[in-house]
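This structure is in structure tokens; I'll ask about it shortly.
Chain naming follows the written order as A, B, C and D, and within any one chain the residues start at number 1.
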């Protein structure tokens, strides 16, 4: 499935893979429920490690980070492997996303 | 009584606001004008970085910081007085942002609580705990915006809270300072 | 010849054809002299009607319009026919550029 | 109609724009995006706003007298009327020049002959901007200044008020 707005794209059309790109700054964690349901679905359906590619995600606000953290906690509970691919030239990704590992030490983060 | 948090005094703050590099003021309706947050923060970032050398990286940092500050001001604005004022002061070694909004006593007290927590606790674990609690109690707000920018971008935050006479409202000013190498 | 900056491109590589695209907002009419010298050159060398294509020019400030008007007056003085391609979905183009025919009634326009 | 209204104020230092000229354009595009954000249909208005605000900022940066004071730009839109107010400092002789120039342009508009303004010395580029504003967009311009000047070089706080009616802003091509 693909969600596409003027600001961002979430693409989960490939098995075990989700990519989020653009700029996501929705008003509250609640408002991320719908677009991020794609990630949740992919997590349910995955047959191997789910890779979430964020390398083209220019901005994500704190509500979005909170929602992403919720998904990671969910994955931990369900014991589903998850991997984030982050962009080392986007400062907030380096700073904020790396600390998500504290939620779950098995979370794999690849910085490219 | 006016409350000061952090290390910026009254006279310094006044001086800062007298001649700003850029300021922008607008009533922002939480439900209707949400996209304007991102628009405003990207503009401030663009405006600021046009004089910098490593543009792309700094723009990304500035936009992230300003966006959190504006979202914060907007979420904590009293509904009938929702004007938000944002100031930018470009100094030699630091960039200073000030956001100003009107908030109720409860909201202001929450802010004081958060800023006081910063003095004593490890910010990273504070953020992680808030994330965990957020899921547990299914909170509506994330409450990590300010913490995140302090933790990630080595900013220092101070605040001034001025009660408005005969109301339960306050003028909340949040002063964020970011050092830069250029 | 071709001039290319971060903001705009002026391309006069083709005979009898100049293309200006992007945003041009230089500080004064004087500062347009250098980039617009390409248009002047093309005008001198033109063997037929000189077409100036502006349909991808998003913005031009009044300094630029003034300089452009000066070129039109020069073309009129030298009796060199000119055609301007304008983008009718860009408001200032449709409004302001069309009124340039008050400078020279033989100026022709093509609306794209 | 609250839904259709918009008002904001921007303060800036002209020196900051001189050092980075692009900021004038950047700011105008930002202001216009606030308009288009409000209502999808108002693309036309927003393009006009970007054009007009850019000219305002360029004007104050080029001619503004006190470069280290904050200048302000205020935008107010209610229903069809959009008002842009620019507050800055100008020498008295330039204010008079600008005022008489404005009169001249109104006359030129009547006679439909604007070639002369293309080659004027002072405010050359401004001529076209003003002409286009009153002719193409049917806008109105007012110039006010505070207190009586002592001599021609006195610097006065000046206000330029621009009014646009979006009913006059139909793209008719």
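A few remarks follow.
The rule is simple: contacts are C-beta pairs under 8 Å (C-beta built on N, C-alpha and C of every residue); 3 or more make two chains touch, one makes a residue touch a chain.
Note that this is a predicted model, so its numbers are computed, not measured.
Chain pair with the larger contact count among B-D and A-B is A-B, by C-beta pairs in contact. The mean-CA centres of chain B and chain C are about 46 angstrom from one another, to the nearest whole unit. Remark: chain B and chain D have CA centroids separated by 32 Å (rounded to whole angstrom). Centroids of chain A and chain B (each the mean of its C-alpha atoms) stand 25 Å apart. The distance from the centre of chain A to the centre of chain C, each centre being the mean of the chain's C-alpha atoms, comes to 48 Å. In chain D, the positions touching at least two other chains are 22. Taken as a graph of touching chains, this assembly is arranged as a line, each chain contacting the next along an open chain of partners.
Inter-chain contacts occur between A-B, B-D, C-D.
Residue ranges on chain C touching chain D, taken from their complex, read 7, 23, 25-29, 59, 61-63, 65-66, 69-70, 73, 88-92, 94-96, 98-99, 102-103, 111. Interface residues of chain B facing chain A in the complex, by the touch rule stated above, are 30, 34, 37-38, 56-57, 60-61, 63-64, 67-68, 71, 124-125, 127-128, 131-132, 134-135, 139-142, 144-145, 148, 151-153.
Considering their complex, residues 21-22, 24-25, 44, 47-48, 50-51, 54-55, 58, 62, 112-115, 118-119, 124-129, 132, 135-137, 169, 171-173 of chain D touch chain C.
On the side of chain D, the complex with chain B involves touching residues 3, 7-13, 16, 19-20, 22-23, 26-27, 30, 33-34, 37, 68-70. Those residues of chain A whose C-beta lies close enough to touch chain B in the complex are 7, 23, 25-30, 58-59, 61-63, 65-66, 69-70, 73, 89-92, 95-96, 99, 102-103.
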